[in-house]
Amino acid sequence: MLDVRGLKKVYESSGRRIEAVRDLTFTVEAGELVCLVGPSGCGKTTLLKCVGGLLAPTAGQVALAGRTVAGPPPGMAFVFQEYGRSLFPWMRVGRNVELPLKQKGLGKDRRRELVADALESVGLADAAGAYPWQLSGGMQQRVAIARALAYEPEVLLMDEPFAAVDAQTRADLEDLVRRLWRERGITVLFVTHDIDEAVYLGERVIVLSASPTVVQEQLKVDLPAERDQLHTRVAPRFAELRTHVYAQIQAAKRGTAAMVDRAGEGTSKGA
Amino acid sequence: MKGANAALGAAGLAAFLALGEAVPRLGLVKEEYFPPAGRIAGALGDELADSAFWTALGSTLTGWALGLALAVSAGIVAGVVLSVVPRLRRATASTIEFLRPIPSVALIPLAVLLYGTELRSVLLLVVYASFWQVLIQVLYGVQDVDPVAEETARSYGLGTWARIRYVLWPTALPYVMTGVRLAAAVALILAVTAELVIGAPGLGARIAVTQASQAVPEMYALIVVAGLLGLLIDVGARSVERRALAWHQSVRGEVAV
Amino acid sequence: MRGLLVRLLYALGLPAVLVAVWWVASEGSTDVYRPPLRTILTAFPDVWTADRWRGDVLPSVLRLLAGYALAAGAGIALGTLIGSHRRVRAVCEPVLEFLRAVPPPVLVPVIMLFAGIGDTMKIMVIACGCVWPVLLNTVEGVRAVDPVAAETARSYGITGAARLRDVVLPSAGPQIFAGLRQALSIGIILMVISEMFAASNGLGFTIVQFQRGFAIPGMWTGILLLGLLGFVLSLLFQLAERRVLGWYHGLRATTRRSP
């Protein structure tokens, strides 16, 4: 479904050259829920923006269903971390969800149907007439998810969507994502810095190294498909998986430290 | 980045000047209406050599500075007094809302009758127009005082004067500076207007004379001077404002509508 | 009920006191320049007859509205164009800053050269003076569109006219309105002084005629009327702004409550 091959992104600004992503290769199968996790500042957002066609990669390519991504493709929907800024404060919730559909050229009846259905499935059927800023943070992120759902994407990209909400809301939203994924069979690529979240949500976890980013490890999450906050999180297998990912990330951080040392000695051969 | 922008800006200015030279030369507009930029520059040079020009510039600046100083001090005092006494603030709200939008040019005939072409004519218009700019910003600023800070100050037993000094004033200061910047621009507009329409001595009056005597290049030269003066005042006020604002940029992300 | 009464008292108390003070202090005044308020008020209906409203007030207001509308349209259109292109902005900015800094009243003699002393001149003066705050504020507002909002629009394929209508302009709305408000006060100034300079009708013209003819009570009524006009226009502007920017005021109130 989603093919990322040899992805590299280098920022150049005022003479400084920052290699955010070095060489990333991974695939996401159709209908899979994959979590990308890595130490903070490891270029996760950069990576996701390249995948979503918002940034042009320096090298390598991203392909969605066999077609190279060279700009935001119609089959992808993006959920941003900053829900307050990603929802347009000058439009009511219903209009926010509807706007991308209008742009798709859908008819009025179809649009209304999709908006109602999407808001219903995130549990905000009554909120269509409210302004986003009248809602709580968690509800705003639900609206953003509803907007993505109504867009009927093949792939849903989520960039640390729950980093700015409180812990309880976060648990609810995680269950929401699991439920929507199972009900609708969409492909989800979920970026997070939270190891527990990655293991709890994902069918597969891709651990990234520190910047410049490469894939540190890929891990199949063999927890049952039916998960809930109470039991899954205390399951022994969950603990094993999260410990493993944690160790990997610590190793990733050390790997960078070692690399920096070597670069300091002027023998930068890479990791 | 910054250097590239400055170069582009300089190119824009050069293009603007070239256009100002070419358009009349090519006969797109009549030269007697819009002389080429070169001739305006020449006239500007003559003006700069003329002591009467410097006197006029001095008069304009005097009217502007005096009026602005009066308006700013009156605006700050009135604003602080009104906000310290909430009842007074409530009682004056409707009056302020009514008086503020009254265009100060409405006072021109009155100024002419009362003071003729004296400096006081200019001051009347300048002070009336700029006073509201300062007052409104002071009131906005005081509204912005963090209730937690205010309560903290009260709980430590700070008196009215100490609260004004340590809580209210520092919060309001950036707003006051915005008010001063807006007032400075408005004051220049009104000073020039008063000179232009009433004939009080200054740049405006000089422009009126060049217009009456059909000295078109000189008129444009004086307008350029007025523009440069406005630019200088704006840049100066902005840099002062930035300095006062530096400590709490975050508060001022929003637009004062 | 009692709350309403108190509010009414607060709103009308001071104005009533001020008018009363003016009335009493000016009563029996023999100063030609400061006639009693009673005289001014009784003169008002005699001076501002239906003919005067039609022949002076209406033309003034129409010219103001025409010039203002021109300035708003041109300012927003050009501002959006300049604000959306970084290079264009860098090229234009110094020139625009200079043009804005020119005190607008000096435009009157310039535009008189080109357009004579007719309605065209006055409308042009108003338009040329009002356009700068609108233009520069639009540039600033369009430039400052939130990067997350812009990326959201891009990722959902919202481009072209829809992006302009649904994302860029609403987002720049608060800035644009700040510019429109500055432009309104400049517009009124220019309306009055363009008529004081050269006109055969209009509010500014009439007031100056009264002053030159020493018809002092008439002049005072003119000043009152101008003040009233400024107040009414600002009220209408506020109503329009509340409608268009309702979301912005709500958003600000929310963020202020819970920082």
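Which chain is which? They are A, B and C, in the order written, and residues in each are numbered from 1.
Methods note: a contact is a pair of C-beta atoms (placed from the backbone, for glycine too) under 8 Å apart; a residue touches a chain by one contact, two chains touch by 3 or more.
What you see is a predicted model, and the numbers here were worked out from it, not measured in a lab.
Q: Let me check something: if the centre of a chain is the mean of its CA atoms, which chain is farthest from subunit C?
A: A
Q: Please give the pair of chains with the highest number of C-beta contact pairs.
A: Top-ranked chain pair by contacting C-beta pairs: B-C.
Q: Distance between subunit A and subunit B based on Cα centroids, please, to the nearest Å.
A: For subunit A versus subunit B, the centre distance works out to 50 Å.
Q: What's the distance between the Cα centroids of subunit A and subunit C, rounded to whole Å?
A: Taking the mean C-alpha position of each chain, the two centres sit 48 Å apart.
Q: So how far apart, in whole Å, are subunit B and subunit C when each is placed at the average of its C-alpha atoms?
A: Taking the average C-alpha coordinate of subunit B and of subunit C, the gap between them is 17 Å.
Q: Two-or-more-chain contact residues of subunit C, please, as numbers and ranges.
A: Residues 248.
Q: How about subunit C: which of its residues touch subunit B in the complex?
A: Spelled out, the residues of subunit C in touch with subunit B are 10-15, 18, 33, 87, 90-95, 97-106, 108-110, 112-114, 174-175, 177-178, 181, 185-186, 188-189, 192-193, 196-197, 204, 207-208, 210-211, 216, 219, 222-223, 226-227, 230-231, 233-235, 241, 245, 248, 252.
Q: Any idea which subunit B residues touch subunit C in the complex?
A: Per the stated touch rule, the residues are 4-5, 8-13, 15-16, 29, 33-34, 90-95, 98, 100-110, 112-114, 188-189, 192-193, 196-197, 204, 207-208, 211, 216, 219-220, 222-223, 226-231, 233-234, 254-257.
Q: Which residues of subunit C touch subunit A in their complex?
A: It is residues 146, 148-149, 151-152, 154-159, 162, 166-167, 170-171, 173, 247-248, 250-251, 254-255 of subunit C that touch subunit A.
Q: For the complex, give me every residue of subunit A touching subunit C.
A: So the residues of subunit A in touch with subunit C come to 49, 52-54, 72, 74, 76-78, 80, 82, 85-91, 99-100, 102-104, 131, 133-134, 147, 151.
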